[in-house]
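After the structure tokens below, expect a handful of questions from me.
By letter and in written order, the chains are A, B and C; residue numbering begins at 1 in each of them.
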Amino acid sequence: MTSHLLWITPLVPFAAALLMLLVRSRRALAAMDVAISLAVLALTVAIARQVQVHGAVSALGVFRADGLAVVFLLLVGLLSVAVSVATVGWMRHEVGRGQMREDRLHWYFALVHAFVATMLVTVLSDNLGILWIAMEGTTITSALLVGFHGDKHGLEAAWKYIIVTTIGISFGLFGTVLIYGAAAHAQGGVLTGAMNWSSISAIAHRLDPGIIRIGFIFVIVGYGTKAGLAPVHMWLPDAHSQAPTPVSALLSGALIKCALFAIIRFHSIALQACGPEFSSGLLLAFGLVSVVVATPFIIVQHDLKRLLGYHSVEHVGIIALGLGFGGPLGTYGALLHVVNHGVTKALVFLVAGDGIGRYGTRDMRRMKGFLGLAPIAGTLLLMGAFSLAGTPPFSIFVSELIVVRAGIAGGRFVPVAIFLAMVVIIFAGLIHHVGQMAFGSAGEGAERGREALTPLLAMFLLAAVMVLLGLWIPVRLDEVLSAATGVAGG
Amino acid sequence: MDAIIAQVSRTLAQAVLLVAAGPLVTGIVQKGKARLQCRAGASVWQPYRDLLKLLRKGTVQSDTASPFFRAVPVLVLAATVTAAALVPVLWTPGGGDLPFGDAILLVALLALARFLLAVGALDAGGAFGGMGASREMTVGLLVEPALMLSVFSVAVTGGTTELGLLAARREALALSWTAPDLLALFAMLILTLAETGRIPVDNPDTHLELTMLHEGMLLEHSGPGLACIVLATHVKQLVILSLVAALFLPLGLAQGWGAAGLGLALGAFALKVLALSGFLVLVESSYAKLRFFRVPQFLGLGFVCAFLALALRVL
Amino acid sequence: MSVELATRLIDILGGLLLFTMLLILAAGQLFRAIYAVAAQAVFLGIAGAVLAAATGNVDLWIIAGITIVAKAVLLPWLLMVVVNRVHISREIESVMPASLTLILAAGIVVLAFHLNASLGPVRQAITGNALPVGVTLILIGVLVMASRRKALVQMVGLFASENGIFFTAMAVSQGMPLIIEIGVILDVVLGALVMGILVLRVRSSVDTDIADLEDLRG
């Protein structure tokens, strides 16, 4: 029964996407959207339960759900629901503002669900080739979404996005091919399961370290491009800022995490084949560079969504740092950060979308007095910003703390010191930006309508998770994360 | 003693063959181009008639030219014919005791010919001569190293730069080319276009000043002097084509003076030269001449191919 | 077909792929680059056929066929359709001097082959020189994308890179599973389609080349 769940879960949103192409009414589309997302969340929770009780599940020889996959599955499911709920109100506002055309809505919803379906396949695949195919599928669907508005900047962002990430994950494919070759060679010829992570992982200690090293370098550069690791992160601020807001939330919250999922899979192979220093060292280096590179751009930023994009780069760097520090503590921290950042970033993007809709601009210097105009959303904005900056009692503080402890425990004082310095600078910059936005009095151009209900609902949901995880980690979640840490080789 | 005489006579025979057949190859290329342009074109023997016509004419020389200018055509022809003697056309060297010279000497002789032409053009003091000379030397600067690299990439496996031995080795290996061989062949084909002064590097049919490289240097010569230089051009073209054939296209080299073997060798040589001429015809008819500042880019491609051919042999 | 003959043929095809890659890099006109990448795909198909004959893996015949249809016919045709619709100038401008790119390309080839020489016995898993040629094609493809201004040339560079990956993938062991190869080709074609759509949309709204848009900075 459970093994069927594995291929049903991505099929549901994909079939829904095809169906949505036939529907024209906005209300019907929104209703379908929410319903399908809830169904996806229910399916992912069911899979998670099964894995927790019975251990890893496989299906059709290419799919697999184990402890690690469950973490990402739940994240995608949760964000999908939040985004769908928020879209109801957001879409109504956008159509009213003239930003979205009613006759193209069915394409939008269909693409979003196809996008979610490809992300689910990515996380559920055991076969490394299917992983790549699904990842490219996410690029194709999300590129169309990034350029959906059709304006010059959107198309420029979409072009940069698709070109850079396609060549990036091509590198990843090459790395996959090399590792597959090494595995086949170790088996003495081709083996039907040789492209599966589970089979390769089982014989990982026998693989030739030289070729695994080259393969892993290609993989981390390749999938790292998709994840937003510096120095190949250039496309990220453009794409995440130009996309429609719910899509930005999915991109920053879920998609870059799926790319990290791929890197973690290969990392666990490389850990056994080449020893811990090589891949951990690379992850550490890339992570640190990402954090350092993102910081100045955050300080000088004017565009709100671009600011959030650079923040994503920084946080992906933190996750890579956690993986680089390694050990059970570092890996646990990294995985917890995956969840925390996903939730928080989606929240802030949704709030930002609300604000942009209100002020009609993305420039933060022109957005003032948000708290006055929309008290609830404004409060959530402040909470989200503090969380992103790493303040207690929010969730990101907890995961960052775990990562720092892992670093200190490993004796890596210099990276930890640099990291903390950057965090302090970012804290200052972020609070400055958001403070300017939240306080003061709004100008005349700002809309003073009632706050839309559904976006608030979604934001509450995400904020609740954010605060909850900041205060205490539920036992169930802890078990899930520990299992995932074990799979990831921590 | 007999062996030496045999070797000398073979070398002379090859040189005579190349000198005699040079204008014919040019005629064939002209005819091919004409046919592709859907016109009848001049006969393939026309270059011979042109040479005879030039021999009958008188010489006119610029006032500012020195006596050296009179010597240039003869020296150029001498250098080119000597180069022709070095190329293995029909025979593999069987027990040769006299070291006649190798690939490096060949390239050096062709470079000498180019240098003499350029000096003569500068000597005459005309503007076109100066410009043509400077352009031709630039092309030479790019082509000669690449030529050396291509030859070396073949010589490295043969362990010698003696052309005859390399040709014999190619003969023995027959059709087994490797990746470096292919790269060296492509490089040589690009360089052939440059050395023979054909499109896209230079236009041999024109006398417009802006498009002249080779022709610019010939402007000041006349009469028998010009005939010598034109013959040298024909021979140089055939020498380059024979070099490509010897290094890369195997089969058909004879051993002794036996009629059957000779006939086969002659036929094989004719076939290879015809194939390469066909290549020249196609390239000349399909492309336009490159602007001069783009020529280094084109030749750079040839240089990189030659370099990679050598590098891949070594790695 | 014996393994040595197959290895030799793969070596020759690798040399041909290298040469076409250099042609793409040095191409002065767009349609020459497109023809070169189509020729690359044909060589790729031939390589697939050679490997199929050598290893007896039936799937490779199918892959070779699909490669030729999709990458040698479909993709170049797509590019030509976009070129004709868009009326762009045929000349390719580059960001860095052509001689520098050629030198970088030579350096990449030397590096890739040196890398290959430093590998151990695992080299046997990959037939002939497929690994260094694959690495070379990928990296030079990226060089083409980084050094050229036109969107369509960047797409050509992308396709050439993917040809390199395919070459290595086909030569690894006995080739990758059929379903994976088909999925990869499908993705490549869909990706190309989306890129073509983006190029055309930009053309119709703003009259510049999409790769020239540089407004998003900082």
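Throughout what follows, a contact is a pair of C-beta atoms (placed from the backbone, for glycine too) under 8 Å apart; a residue touches a chain by one contact, two chains touch by 3 or more.
Being a predicted model, the structure only gives us computed values, none of them experimental.
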Quiz prompt | Chain ID, smallest distance between chain and overall C-alpha centroids | solution = C
Practice problem: Can you pull out the chain pair that has more C-beta pairs in contact than any other? | Solution: A-C
Self-check item: Between chain C and chain A, distance of the C-alpha-averaged centres to the nearest whole Å
Solution: 30
Practice problem: Could you grab the centroid distance between chain A and chain B? Build each centroid from C-alpha atoms only and quote it in angstrom. | Solution: 64
Quiz prompt | Chain centre separation in whole Å, for chain C relative to chain B (CA means) | solution = 35
Self-check item: In chain C, residues with contacts to at least two other chains
Solution: none
Practice problem: Give every residue of chain C touching chain A within the complex, in rising order. | Solution: 115, 118-122, 124-126, 131, 134-135, 138, 141-142, 145, 151, 154-155, 158, 161-162, 164-165, 168-169, 172-177, 179-180, 183-184, 186-187, 190-191, 194-195, 197-199, 201-202, 205-206, 210-211, 213-216, 218
Exercise. Using the touch rule from the top, collect the residues of chain C that touch chain B in their complex.
Key: 8, 11-12, 14-16, 18-19, 22-23, 26, 28, 98-99, 102-103, 105-106, 109-110, 113-114, 116-117, 129
Quiz prompt | chain B residues within the chain C interface of the complex | solution = 176-183, 186, 294, 296-298, 300-301, 303-305, 307-308, 311-312, 315
Practice problem: Under the touch definition given earlier, write down the residues of chain A that touch chain C in their complex. | Solution: 127, 129-130, 132-133, 136-137, 139-140, 143-144, 147, 150-153, 155-160, 162-163, 166-167, 170-171, 173-174, 177-178, 180-182, 184-185, 189-190, 192, 194-195, 208, 210-211, 214, 237-238, 241-242, 297, 300-301, 306
